[in-house]
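Structures incoming, each one as structure tokens.
Same chain, two partners: chain A is paired with chain B first, then with chain C.
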Partner chain A sequence: MRGQTWHRLALVGAVLVFTLFIAMIGDLVWQSLGVLSWHFLWSPPSEMGHGGIGPELLNTLVMVGIAALISLPLGLAGAIFRVEYRGAPGFLKVFDRVRFTFLSLPTIVIGLLVYQWVVVELGWPLSIRSGIVALVVMNWPFVVNIGIEALSGVPDTSREASMALGATSSQTLMRIVFPSALPALIAGLGVSTARLLGESAALIFTAGINVAVHWSWSMPGETLAVHLWYLRTESLAPHANAEAAATGVVLLGLVALVLYLTQKIAHWLKPRDYSRKSA
Partner chain B sequence: MKPVTGRPRGDHLLYRVVWLGALLLLMLGFAIAAILVWGTVKFVIDHGLNPSLLGTIYQPTHDQFGLLPFIAGSLVVTMIAIVVALPLALSVAVTVIATLPRQMQMIRQILSGLVAIPSVVFGWWGLSLLVPSIRWISGRPGFSLLAGGLVLAIMILPTLSLLSINALDRVSVRWVEGSLALGATPDQTLGRLILSVSRIPLLEASILAVGRALGETMAVQMVIGGRVLLPHGLLSPGATLTTQLLTDISLLPPGIPGHYVLDFMALLLLVAMYGMVVLVERTRRWSL
Partner chain C sequence: MDSKAPDLAVRHLSVRYGEQVALSDVSLDLEGGQVLALIGPSGCGKSTFLRVLNRLVDRSLEVRYEGEVVLGGIRILDPDTDLVALRRAVGMVFQQPSAFPFSVFDNVAYGPRLQGIRSSHRLRSIVESSLKKAALWDEVRGKLRRPAASLSGGQQQRLCIARALAVAPRVLLLDEPTAALDPLSTTKIEELILSLRGDYTLILVTHNLQQAARISDVTAFFRQGLLVEIAPTREMFTAPKCAETEEFLTGRYE
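Moving on, here comes the complex of A and B:
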């Protein structure tokens, strides 16, 4: 058909974009092949080469898991208030501006603030617990956003029907709104957890860039993303590039796993046929 | 029967709890702004209204706080990112909408997977491919504003493509069919109808992408070279507000004179992000 020049150009551009990403991930996997092994996954890092990422893997899982658990109720509360109770229009405007600004704040700024106030003023060590504080602060507005989007997806008619049957607002929330919003909520939490897994700027000055011999809340706890950055910028270890690539592969694998599992669960929870469920 | 007034007990408790949650988020948001303003005030107390802030010499231990190189670096890098990424993202969106509408759901899922790629991975890729290529082509060190901008462009591509697909997808099929039925070619329909009516959502998408690019630290820091002088060209190394924050938190720990210039830099970033939030609010109002 004639008159499709721009469409063809667009097709070329789109193919270019996808080739770029395939090449990028392929390059990462290719360069990591030399070092990726079970030994690499379990053993501690070493500046002499032949190290691994065992402690980093543990730190990442612990810090991200705990930060996600803490920020979940905090964020949900804000989201429930915003969607179910709203408040005065003036309050809503301020609330939305604060939450969007907070959400788009560069994570290095959050790192600076947590460093100044938790590490320096409160005297907490550069440690796993300081890192968790940074991750919670970073994740909070994101969870509020996810909650707001999930809860707004529930049609108002459901709420009105529930109220008309005599349910109180808390019963409506717990039995009607939450179950319908759950799939979207879980998918969103997967995205937020993936974002936490990849975070590094907020952690360098709060959780540190090395690992302790013995794991402890008050010891430095480098995560996978920070380790990748460290290997590629500061480390003098031989094969630092390959080790960085292998760390990247493990990190991408974790991110993909979290996204896949949460989407599966969300899909599985999605109600299909209300009529068959007995009350 | 007496009408029920007020809230039942459980409801009241729930209301209190979620109200507290919302309030805490607001307070934390305001606290962040207050801490940065307070740090800036301390900076002014320590150094006065330092005229060197507007200069180009940055030696914080010698009372020289020229932030111009970093502001310029941030702007240039973000500009490169959006100029490179926008046409590519638009071509992805146009291809998905016009050529592969049946695969839209799948492509959306792939793109949202790519959005989750950690930024350090982009930094790694920039170091292992982009910087050597620029070095090979130009004969310069390769660590440069250009490398930073290109890494950012690739980083924001999935987000921007996804938002562009959403924007173009909102155009009614009937309008498109009407345009084609009137004898417009697919290209004319694309340019004069689809892109034209979705220009405001596309603008909003670009603002969001600019915000993401401006706030990115790690990927840029790995490839930009970290030089604190005013860059004189795309191929010269430089620094941005965020990368300089990363470098200087360890070089200027609290207690060292000049530390509070970091709070001022962070405040600039906060104000920039607030400006973008207000801008997005405005564009939403235009599109109504």
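Moving on, here comes the complex of A and C:
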């Protein structure tokens, strides 16, 4: 009886949380209905009303896409170095400390650091390329972590079995370790990319809060998340709240799409496990 | 290497991991084609001995070794020994079946492909003959494209043996190959080892004393990094020379 009571309580809780979640999303969608349209997705923003998020959408896709592409090999290199080549222990300690520091830094501080390096020291403009640097710096330790987790998930006997068959360590890495770690890697990259999509703090003073009429690497590149922040704080546009809700819905859709696709691919790549797990 | 399975000669082999001594001053001889069983309590160095023979021991941190190990003309501990060639000559099977997450065929073809064999005809014949040698062919023919994980634990272990045989080694190292298997699968692996005897030099680590008695020609008893006694198996199990060996064999060892 007792067990059943707890079971019912948990069920009620689950239904409650689910309803709350649906209510929040539903409210957002409801608010956005007035402005959400193809026109909204394509046109540039306007303070006079009837603007859109076209450039923001493009900037988000370009910046997040390129930042993810750059941080992938950098992060993987870090993870491989950490897991597969257990080199100098002293250096690894420093490496780990730097990694954890960057991982726990608030992203606004990362934005500040990148601003100092790239905008002040190198004289780059507040631009798409500066924003990409900020995203890469932010994402790199995260990808290293994902890589370390994925590579450590490959049983060591697989590596030894491969080497015992006459494979070099790089052959073992390419032919055994990577294929085995790929599903976990892709699922993890989905999460890190979704995190980049929602980043605003680090981009406000590296990529700016404007969009250019003519797109260029060196022009300011406001992303969806930054635009959302802008709409709710600074904007004087007549339908700012509805536009913010619509931007939120689009951003949420992008995140959901990235997560869904990467999980799907990861699942599809995973070798089906038929083993009966006999002891 | 000639067609005869290679002899093994070990002289004053010592292995240390950092400060910890894993093996000290081990010397033994084994005639090619025989089955050598290594027995002893956990942590006695028998697995280390096995991993020296294909230099997998190099993967351990801060490992140092000295002495001389010659296997069919290969001086194993020489710093300039070609590890790839050594490991092709010396196959290894692990305690946990370590099938790769590929198909049955790709598992067995892994080693030959590493050697650059691309012809599908040759790969097929290598895979078939290796699976036959490992007594698995009848159970997996027609299922070669299935994932290796779909096989039972015992079949996976024989698959690992087939995979090791596919690179045409002359020596096979077996690290407790039946520890994770049921009695029926164990019997099959033991029969397999007996059928390979003569063509291959086999070195087997086992915690199962009956298994050592059943299938080995020579037994070596290790304790705390020392080789206590090595003798023909029948002699060792009927009349051990050392009191320590007798205590271990009769289960009176603390």
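The working rule: the second predicted complex is superposed on the first by the 246 of 279 C-alpha atoms of A that agree within 3 Å, B and C clash if a C-alpha of one lies under 4 Å from a C-alpha of the other, contacts with A are read in each partner's own complex, and residues count from 1 in each chain.
Everything that follows uses one rule, which is that contacts are C-beta pairs under 8 Å (C-beta built on N, C-alpha and C of every residue); 3 or more make two chains touch, one makes a residue touch a chain.
A quick note: this is a predicted structure, and the numbers were derived from the prediction, not measured.
**Student:** Does chain B (first) or chain C (second) touch A:9, or do both, or does neither?
**Tutor:** first
**Student:** For A:165 in the superposed arrangement: first (chain B), second (chain C), both or neither?
**Tutor:** In the superposition, A:165 touches chain C alone.
**Student:** Examine A:255 and indicate which partner it touches, taking first as chain B and second as chain C; both and neither are also allowed.
**Tutor:** A:255 sits against chain B, while chain C stays out of touch.
**Student:** Have a look and say if chain B or chain C is in touch with more residues of chain A.
**Tutor:** Answer, by number of touched residues of chain A: B.
**Student:** Classify the contacts of A:107 with the two partner chains as first (chain B alone), second (chain C alone), both, or neither.
**Tutor:** It touches chain B, and chain C stays clear.
**Student:** Could you tell me if A:129 is touching chain B, chain C, both of them or neither one (first, second, both, neither)?
**Tutor:** The answer is neither, since A:129 touches no partner chain.
**Student:** May I ask you to decide whether A:180 touches chain B, chain C, both, or neither, giving the answer as first, second, both or neither?
**Tutor:** second
**Student:** So which bits of chain A does chain B touch that chain C touches too?
**Tutor:** 168
**Student:** Residue numbers of chain C touching chain A in their complex, please.
**Tutor:** 54, 56, 59, 61, 84-85, 87-88, 90-92, 94, 96, 98, 100-102, 110-111, 114-115, 147, 149-153, 156, 160, 163-164, 167, 180, 182
**Student:** Can you tell me which positions in chain A touch chain B when the two form their complex?
**Tutor:** Contacts found on chain A: 1-7, 9-14, 16-17, 20-21, 24, 27-28, 31, 73-78, 80-82, 84-85, 87, 94-95, 97-102, 104-113, 115-117, 120, 137, 140-141, 144, 168-170, 173, 191, 194-195, 197-201, 204-205, 225, 228-229, 232-233, 241, 244-245, 248, 251-252, 255-256, 259.
**Student:** Which chain B residues qualify as touching chain A in the complex?
**Tutor:** That would be residues 7-8, 10-11, 13-15, 17-22, 24-26, 28-30, 32, 35-36, 39, 87-92, 94-96, 98-99, 112-114, 116-121, 123-125, 127-129, 154, 157-158, 161, 185-188, 190-191, 211-212, 214-218, 221-222, 242, 245-246, 249-250, 253-254, 262-263, 266, 269-270, 273-274, 276-278, 280-281 of chain B.
**Student:** Using the touch definition up top, name the residues of chain A that touch chain C in the complex.
**Tutor:** Residues 86, 155, 157-158, 160-168, 171, 175-176, 179-180, 271-276, 278-279.
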